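Right after this note come the structures.
First chain A sits with chain B, and in the next complex the same chain sits with chain C.
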Partner chain A sequence: MATRTVIPFGPQHPVLPEPVHLDLVVEDEHVVEAIPQIGFVHRGLEKLVQKRDYNQFVYVAERVCGICSFGHGYGYAAATEKLLGIEVPRRVDYLRAILEELSRIHSHLLWLGLLADGFGFESLFNHCWRLRETILDIFQETCGGRIILSICIVGGMAHDIEDSMLRDVCDKLESLRHDYKIIVDTMLNDSSVRSRLCGVGYISFEDALELSMVGPFAKGSGVEHDMRTTGFGAYGDLEYFEPIISNECDCYARCKVRCEEVFQSIDIVKELVAKIPHDGIGGKPGPKVVPPEGRAHVLIEQPRGEAFYYVRGNGTKYLDRFRLRTPTSQNLAGMVRALQGVDLADVPMIILTIDPCISCTER
Partner chain B sequence: MGYNSKSPWLIHYDGSSCNGCDIEVLDSLMPLYDIERFGIINTGNPKHADIFLVTGSINAQNIRVVRHIYSQMLEPKVVVACGICACTGGVFRDAYNVIGGVDKAIPVDVYAPGCAVRPETIIDAVLKGVEILDEKARRLEAGEVLRDPDDLLDDEAVNARLAAMKAREK
Partner chain C sequence: MYTTEFVDIDLCDLLTRIQSLKHQGMRFVQLCAELPEGGIDLVYTFYDETCDNALNLCVRVPEGAEVPSIQDLYFAAFSYENEAHDLFGVQFINMKLDFGGHFFELAEKAPMTVITPEMKAEREKAAKLRAAKAAKEAKAAREAAEAKSAERALTEDRATADAAAVAAVDDLGPKAAKPTPEERAAKMEEKLANMDPEKAAKIRAALAARTQKAGE
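On to the complex of A and B.
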């Protein structure tokens, strides 16, 4: 009978870009139980909605998380528009969807790099982040910022992105696709990568449903759950959309789903750019417009999965409540389940494959 | 250049950052900006590190972590606050769980503002930090004793800060 030892993991740990703490109960080299402890990044962001008026808060909402920052601004703006009863022009929906898909590519490339770093493939890590710079350059040209874009406002977009620029984006994505194919070939077919990922961190289809997991983590277990299928925003205008799933249920499956989602996102951007209408970009609601008493919510698909935004107005320019349920908070339960019974050396791998975004989770 | 600045190693801790500055710090180590060409290597071990990069503001939960990492680093050491949240608290200054910038917890040598801080700014700040590192090394060689603030690992000092934060909230 092996003795049990508790190994603390984090909050400051080389594989973690963000602080999270885990108490790993181990017997020899096997993890028996993992007890997460969070709260290192909690700022109290939701409460700030009572101190900033509803137009200002979109900038705070963007800073929920620096990776899916555009999506949070989008989610908040869409929920507030619903509350105000504003119908935004179709062009705004298209531009938002394009930027959301670009964010997805950037987020997945970032994650692939971190994963490669996790299993010690240093050059692959560097190549993924080199490719990611293409997307950041696109952001800088079209929006002005690299990480925080501040282009989405309540009622529309802060400024337009011209058609010629959008066509340029498509060209850049095409060359990205070429470079990215080489990386994906290594990622999915290299024997050293496969030996680290295949069969590690198994989560069955039933478990994924029971723990209500979302995003690529659930899709890697065969759950067809993607908010883009509901056709919010411009996604309803796509010719064809089907979420990418994989039935292997392990770390390799999650990696494969994300790898292929990048190709899918490139296709979506190209399709939307080809079809984009020209009916204005909306703008800030007038100074007299205040959110009425009532509530509204929207669900959008972030790079990490379904995110839920809820706003409640009280008839003043300050909202009463802003609530956000992020994909990572859904997936933490699945991560704890996946960690049970694995080797200690595989722990970083499993934590990485849920793509945890702690600052979203704790806000 | 002194011996320290030939190859200063850095350690990075994410305070309560939104991740934006965080990935920019990692980004400055990547091929495009490549801070490694200055001999700078990212390490996870505080005892190996010379430069401490902190992103994000200080809150009730992480103040002790930041202080512990700082106290484990050996002299000479330099702290760089990356991003506006680490400098002053930034957009989250008024949030109830935010105490303020990193200088509320530990002494800061270089401030690198920006939301999110750009890799160029980080490189600039780190190189400024290297100069300070040299300066501190010279002072150490001259026989001066560089010491952490007395209350660094003192829980009462932390509790006093937290009480002040609560009072402000009221």
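On to the complex of A and C.
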């Protein structure tokens, strides 16, 4: 019988931009068990909901993560609006969906750069992050901020985005599509990429369902779950939407899903910009409006998968509870399963293709 | 758009209920603990893909009670159970993956059970407002009841007075207003006796003629 050794992986590791620790139990370079450990930078942001009133907290929610920043503000605002019984104008739904899709493009470009860097393709990393700059520039022009947008408020949007600006966004995205296609074709058709990703980190369709996995991690195993199909917000007005899935169930499938999601997001933005209504951008509820006693939650599709936002009101301006369940929390069980039985050398690639966001998880 | 449902269940029914949801093929979404006034609640969320319904099972955890782990049914719950243990001090039993209170590196035990001064002040303020509102409503209800009873008493007094007056009238009235024919005849005879005899004879004749006519 081979000797079992426990190899610590992280929280500081070249492929991990954020701190997560894994105890890898290995036998002859094969991982037989992986035990995750997080909590190194837990910030207790959910607790802050008892110190900031429900209007102020949207700014805290945005600061949970620098990549999914807009989505967290959106999710919190939508949950609070549901609790308050506020129906926002359709233009607000459209603007939020457009910014959410831009965030998805931003997130996937950032991820692809990190994956390329993990492979040692430094020039590919540079190109991915160069393209990501296009999205950050769009954010700066339309919202004023590059990472923390502060445009989403409870009851609507802090300010409008002009139609001419939105048309410029479409033009920039069309240019980005061209450059991105070259990068994706290079990446996905490269023989070394294929040899390191194909058949590695296998998670079957049944396991993906069993472990309640979400996002591109699950879609890479053929699970068609995507909250955008439920038609929340402006997604219900899309002429056609089908989640992108792949049935290979390995690391390569997960990469392919993310790469194709960028093209899909560009199409969604263009369609929404063409259809955007002009019925106002809503505004903050009056000073005497307080969340009633009760509970509400929303589920939205973040770049890494379904995210859950829950609020509980108690009749005061402070909420009793805000709960954010990030896609990464949900995918931890899948990550543990994907690492079982793999070669030790494949662990970094598997973790990169799962794309964990520890910042969100350590809210 | 998906629908949302909140269902309150007892802690003793938790495992059975979740087993049945697993059997129905529902997807586990999350578990969160919360601290409303008077105890800890656990909210388990499940999602039904077939009808796009999010079902939330809300369980009140009595102080010191142990909660059965659902990791055997849904392994994805391990991070949430360890989180609820570390942040809220909820005790789970039969956990498959138990970090023994070290899932998060925390400076203090169960930090989420500490109520912030802001929240405490706001809760006290809300409780005072609720009490004041209740007292105001009770006072208004009491005053309304008093006014009603006073009005009823007044109405009853009036009715009693009226009844007494009617009774008094009834006592006196019938004899004065409606004398019997014999009394009327005796009174007439008395009047006729004091009259001029010639005139009295004429009246007697007229009365006799009228009586005869009435009899016909």
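Following the convention adopted for this analysis, the second predicted complex is superposed on the first by the 363 of 363 C-alpha atoms of A that agree within 3 Å, B and C clash if a C-alpha of one lies under 4 Å from a C-alpha of the other, contacts with A are read in each partner's own complex, and residues count from 1 in each chain.
In this text, a contact is a pair of C-beta atoms (placed from the backbone, for glycine too) under 8 Å apart; a residue touches a chain by one contact, two chains touch by 3 or more.
Not measured: the values here are computed from a predicted model.
Visitor: Thinking of the overlay built on chain A, is A:Glu81 touched by chain B (first), by chain C (second), by both, or by neither?
Guide: Once the two structures are laid over each other on A, A:Glu81 reaches no partner at all.
Visitor: Can A:Arg43 be said to touch chain B (first), chain C (second), both, or neither?
Guide: A:Arg43 sits against chain B, while chain C stays out of touch.
Visitor: So, A:Glu271: does it touch chain B (first), chain C (second), both, or neither?
Guide: After superposition on chain A, A:Glu271 lies in contact with neither partner.
Visitor: Between chain B (first) and chain C (second), which does A:Ser329 come into contact with in this model arrangement: first, second, both, or neither?
Guide: In the superposition, A:Ser329 touches chain C alone.
Visitor: Scan A:Lys51 for contacts with chain B and chain C and give back first, second, both or neither.
Guide: Touch partners of A:Lys51: chain B and chain C.
Visitor: When the two structures are overlaid on chain A, which partner does A:Asp320 contact: first (chain B), second (chain C), both, or neither?
Guide: A:Asp320 sits against chain C, while chain B stays out of touch.
Visitor: When the two structures are overlaid on chain A, which partner does A:Gly66 contact: first (chain B), second (chain C), both, or neither?
Guide: first
Visitor: Applying the document's definition of touch, where does A:Arg312 land relative to chain B and chain C: first, second, both, or neither?
Guide: second
Visitor: Check whether A:Glu248 is in contact with chain B, with chain C, with both or with neither, and answer first, second, both or neither.
Guide: Neither: A:Glu248 stays clear of chain B and chain C.
Visitor: If you lay the two complexes on top of each other, which residues of chain A touch chain B in one and chain C in the other?
Guide: Correct list for chain A: 39-40, 42, 44, 47, 51.
Visitor: Under the definition above, what is the set of chain A residues touching chain C in their complex?
Guide: Touching chain C: residues 35, 37-40, 42, 44, 46-47, 50-51, 209-213, 225, 227, 230-232, 236, 295-297, 299, 306, 308, 310, 312, 314-318, 320-321, 323, 325, 329-330, 332-334 of chain A.
Visitor: Name, in rising order, each residue of chain A that touches chain B in their complex.
Guide: For this pair, the touching residues of chain A are 11-14, 17-19, 39-45, 47-48, 51, 59-60, 63-67, 69, 110, 126, 129-130, 133, 145-148, 357, 359, 362.
Visitor: Help me check something: in the complex, which residues belonging to chain B touch chain A?
Guide: 13-24, 26-27, 30-32, 43-44, 46, 56-57, 59, 61-62, 65, 69, 91-92, 94-98, 115-116, 118
Visitor: Inside the complex, what are the residues of chain C that reach chain A?
Guide: 1-2, 4, 6, 27-30, 32, 34-37, 43, 45, 47, 49, 52, 54, 56, 58, 74-76, 78-80, 86, 97, 99, 102-106, 111-112, 115-116, 118-119, 122-123, 125-126, 130
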